[in-house]
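Can you read through this structure? Questions will come right after.
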Amino acid sequence: MLIVVALLLVAASATAAVAQRDPARQALVLSFMGVLLAALFTVLQAPDVGLSQLAVGSALTPLLIMLSVRKVRRRGRAKKETE
Amino acid sequence: MNGWNLAAAVLLGAGGTAALWGVTTGPPARRVIAQNMTTSAVCPALLLLSQGYGRPAYVDLALLLALLGPVGTLVFARLLSGDLSDGRPGAWGLTWTAAGAGTVVVTALCVAVGPGRALVKLLVTGALLIGGNVIASRALAGGFRGVRGG
Amino acid sequence: MNRLRLWLLAVGGAGLAVLLVAACLDLPDFGGDRHPYGDRAVHASLLRHTANTVASVNFDQRAYDTLGEMSILFAAVLGCVVLLRQARDEHRAPPEPAEVARPVRRYALLVLPVALVTGLYVIAHGQLSPGGGFQGGVVAATALHLLYLGADYGALERVRPLGLYETTDALAVSAYLVLGLAPVLAGTAFLANTLLPYGTFDTLSSGGTVPLLNAAIGMEVASAAVVLLAHFLDQAVEIEEEHGS
Amino acid sequence: MHVLPYLVAAYLFLTGCYGLATSRNLIHAVGCLAVCQSATYVLLLAVGYRDGGTAPVFSDIRPGSRPVVDPVVQALTLTDIVVGATVTALLLALVLQIAKRHGTVDPDELRELRG
Amino acid sequence: MRHLLPLPVALPLLGAALLVATGRRLPRIAVEIAGFVVSGGTAALTLVLLLDSAPTMTEWVGAWPPAGRESVGILVVGDGPALGMATLASLLTLAALAYSWRYFDAPPHGHTGAFTALMLVFQGAMCGFALAGDLFNAFVFFELMSVVAYALTGYRIDEAKAVQGALTFGIVNSLGAYALLLGIALLYARTGELAMARIGHGLDATGPGGPDALVLASFVLVLTGLLVKAAAVPFHFWLPDAHAVAPTPVCMLLSGVMVELGAYGVWRVYGTVFAGPGGIPAADLTRALVALGALTAVTGAVMCWYQRHIKRLLAYSTVAHTGLFLVGLGVLTPEADGGVALYLLGHAGVKAALFACAGALLDRFGSVDEHSLHGRGRPLRATGVMCAVGALGLAGLPPFGTALGKAVTEEAVGGPLTVVYVAASAITAGAVLRVTARVFLGLGPRPRDAEYETSGSDEEPETTGLLSRIPDTMTTVPAVLLAAALAVGVVPGFGTLVARSVARAGPGGAHAAAHWTAHGVLLGVASAVLAVALAGLAVIRPDWTSAPGWAAPLRRLQSGHVGDYVAWLLVGTTVLGALALPGVLGS
């Protein structure tokens, strides 16, 4: 049952991650999905994989995406100011 | 399925669904709060699972989540500070509820585990979880002001 | 054009969905009992006194895959260094110091050492309990960035001599390769774990070369993640384009 | 239950592909690629699962005392996660350069390479 | 000797790591010499191993020899084709490094060795993929190869087209790689093994009465991954976008060997994993590969003809030729396999040389546009001659290696498909000859611009400013490559040697030989004459050949939009599944 719960939540969050068209909001969903995937891996008895998913998915990937978003937005702002 | 696992399933299902709903709807500020609540829901669930499966080694997962979850929230709080500036709901009620739930779970596990090295790890995890949760909420409610260039 | 894409997507997606669902129905039932390779791997791991079978698969039985994985990370970091270099029409502007609420700052500075120690713990116990070089390395690297989150970018830059991390990254890769090449010089196979004693089961020094390879990966991942994030942070925070270009 | 995990994996892959194909923002597309990749994690681990099994880590249990799941797929998934993270980073780096050189991250507005 | 098999992977990686570790302190010249030495040493090693490859060498990395028949280690296979591909990759890397000698303008600050190190990692990855005998290991090196290729393609970050092409390349190829991994997971679920040969045995043992949907799906997914790399239609869209914009030395590697490694992977995986009674029936593979291959060849040739961006034109010619390789591999006879191997060797030399010539134009004039360069290439006599010779090689004019390989393959394939071979090679060669005539001789009127196309003018040169004269390395390297392509066809006994070593590695281990035949020579000369005629027609009467009314829809498909390419990838998997379906239904 635990596996079913985790699987359904992962599937739902994947749908949400695709449906969120704004990258910053998608990053939030992806970070949620990363944590949920780690929980799924734990119930699938793969703690090693869960750990690396946590390490990557909860902080590293969101940080990378958010930094990219910030750079792209900052660019847009700077451009608007000069125009 | 034993009681620990059942509790974990309930926590994961209810907390996860609520957090997912919060993360995908509403204004940005609320979404980040929901993202923070993910940690508060999943981390105790992982602790319960470790007990339910009879594998003390699984506590590492909860420890890491308690450590990195709030860091992830801080990332959003910092890099979305512009979007969050309008209307900062503190959500303190939710925060303290989550902290309370975390305390209950950790206490229950401590009782079940008994004294030893595992207990220390549990207490550290609990402290990190609750402290991180509260601080992340604080950061969301205006922890980063005047962050422009940096 | 857009409509064509949607049609293609519908046709292709439907076809692939049918194929995948049909395949799923033919797969052995979930939770089945037949895992020949897995059973052999567990046996081989115990034979070499490695308590964490996953570490044994990663750093002993299939260490060659891990070499590839490590090279992917190394190449990607090198690629990011090249791709995110300062272009000719860009300059660096030191960021303004950020104003961070005091409890948040205290928390970040308090958790930083805890996270570093946790990272090292996860690396060191890789061959015993869940974890290993990769997981621990990422945690340690993330820990360092609490300085950026809790203070400002300047603080992070002061404790981050980037050249040193880049060199460490490359040296860790070299160390892994040298550990792999040593058995070849001794007349056996590449990456063979036969030169060192296997030690006592469930202790830090068990498993022959497994802890060494694990440590090399830990070092590589930690420094690679720092370098990677550094270049993204530079782009997001420091590097600006010349206006009017 | 017998096939649910496999079906979820298939669903993840297709959803990610849908997102990739219809994306209006390249950063979003890279995120969708990560969703596609999570399909491989789920499929691999589901394939290696054994009912009633536990993790093949013998620091806190005696070898042979309980059935264990397949360690090989876990090692493969670990490699896969590293690959995913690095590919994401590299592609994001390219997206940043596209944003600089083209002034947009909307694939519909990138019109230089065609024909 | 067999212990040395993983070294062609390990040595370049070690060299790259040390270069990065010390790179910030070394002067540029030292870095380039070091890269040259490591790459050359690896090439020599692969050559030594290749000469020792009969009987086939196998090595269990990590010293896990199989207990009984089963091992937990990773198998590395050193047979003729594997080591041949590794040698080809190494030699081409060496050529590319020589070509790029003091080539780019200032390397990234503080990372003098970055480009050389990336090239070395690329070399190691290609060797690793070629030698892999384990399916997951093949995936790892496949991915390593891709990651390095993305970074190298986007190397010139000042170029808008380069970063866009690199991203398209990255997304499409990563998606293909994930499909490949899904296929591997399905195979693992069925057989519980990862070594290719063991998976093959497992399929034969567990498939009760031939293949089922699971085998079909894993076949389709694995082939999707490999065909994306091999740029078969409709997975090919990324290739022109990426190859046209990558730095020239990288193009030489991408077009010369990386794409061909995809085709090699198809041959290896089918032969080892799916060829048994539990796998995909031969008739189905032939149907799938011949259909997609012929379509690829035709599409590539047509699109090649209508390009004005010279590097893009060459990229499409790679697409067309890969299609020809796939057709040859698809008929599943040892003769055809040997022919394809020879064709591939000759093609690698010719194509790399042609890219080198295009690079010389780019760095001399800052443009690779056929229209704007009209007549401006007159001073570059050596480059022009090499361009023309390369074009004839592409057409398969005897005695080039391409001609020998093409003749052998045509004979093995037989029937109406010969027309595809002649047409595709003639059209692509005709396009290159047309460019040569216009750019280096200034023949004919300047053609008019079309509406939907990629222009190659105003590109940044890859060197420090425009070159006033072409350095010797940039003319020597293509000359050597062309000579090598010629040698493949001329050196007596070489063809038979290659054919025999390929046949030995294939199923059955049949004897094979590759000789010049009158029929093959005639067809080769016919393609060359046709190419010259087409080029002449195009130059004299540009209006006859450049009004692409019927080709416009085809050109519109190449939209540069990554979403379209992903949709096409899904369609491609469906088509593959449909093509291979009858065998599964029939069993």
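As written, the chains take the letters A, B, C, D and E, and residue 1 is the first residue of each chain.
The criterion applied here is as follows: a contact is a pair of C-beta atoms (placed from the backbone, for glycine too) under 8 Å apart; a residue touches a chain by one contact, two chains touch by 3 or more.
Keep in mind that what you see is a predicted model, and the values were worked out from it rather than measured.
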#### Entry: Set of chains adjacent to chain A and to chain E
C, D
### Query
Looking at mean CA positions, which chain is nearest the middle of everything shown?
D
### Query
Taking each chain's centre as the mean of its CA atoms, which one is farthest from the centre of chain E?
B
### Task
Report which of A-B and A-C is connected by more C-beta pairs in contact.
A-B
### Message
Just the number, please: Cα centre separation of chain C and chain E in whole Å.
### Response
31
### Inter-chain centre distance, chain B versus chain C - centres from mean C-alpha coordinates, in Å
24
## Note on the structure
Taking each chain's mean CA coordinate, chain C and chain D are separated, in whole Å, by 15
### Query
So which bits of chain E are touching at least two other chains?
136, 140, 143, 147, 150-151, 154, 157-158, 163, 186, 188-189, 194, 556, 559, 561, 563-564, 566-567, 569-570
### Touching two or more other chains - residue numbers and ranges from chain D
1, 4-5, 13, 17-18, 21-23, 30, 46-49, 54-55, 57, 59-60, 68-69, 72-74, 76, 78-79, 82-83, 86-87, 89-90, 92, 94-97, 100
### Query
Among the residues of chain B, which ones contact at least 2 other chains?
53, 55, 57-58, 60-61, 64, 68, 71, 75
### Task
Using the contact rule from the top, write out all pairs of chains that touch.
A-B, A-C, A-D, B-C, B-D, C-D, C-E, D-E
### Query
What does chain D use to touch chain A in their complex?
1, 4-5, 8, 11-12, 15-16, 18-19, 23-25, 27-28, 30-32, 34-35, 38, 41-42, 45-46, 48-49, 53-55, 57, 68-69, 74, 77-78, 81-82, 84-85, 88-89, 92, 95-96, 99-100, 103, 105
### Query
Which positions of chain C touch chain A when the two form their complex?
52, 54-55, 122, 130-132, 134-135, 138-139, 141-142, 145, 225, 228-229, 232-233, 235-236, 240-241, 243-244
### Summary
Given the complex, residues on chain B that touch chain A span 1, 5, 8-9, 12-13, 16-17, 19-20, 23-24, 28, 31-32, 34-35, 38-39, 42, 45-46, 49, 53, 55, 57-58, 60-61, 64-65, 68-69, 71-72, 75-76, 79-80, 83
### Task
Going by the contact rule at the top, pick out the chain A residues touching chain D in the complex.
3-4, 7-8, 10-11, 14-15, 17-23, 26-27, 30, 33, 37, 40-41, 44-49, 52-53, 56, 60-61, 64-65, 68-69, 71-72, 75, 79
### Message
Residue numbers of chain E touching chain C in their complex, please.
### Response
3-7, 9-10, 13-14, 16-21, 24, 59-64, 70-74, 76, 108-111, 114-115, 117-118, 121, 124-125, 128, 136-137, 140-141, 143-144, 147-148, 150-152, 154-155, 157-158, 163, 186, 188-190, 192-194, 212-214, 216-218, 220, 556, 559, 561, 563-564, 566-575, 577-578
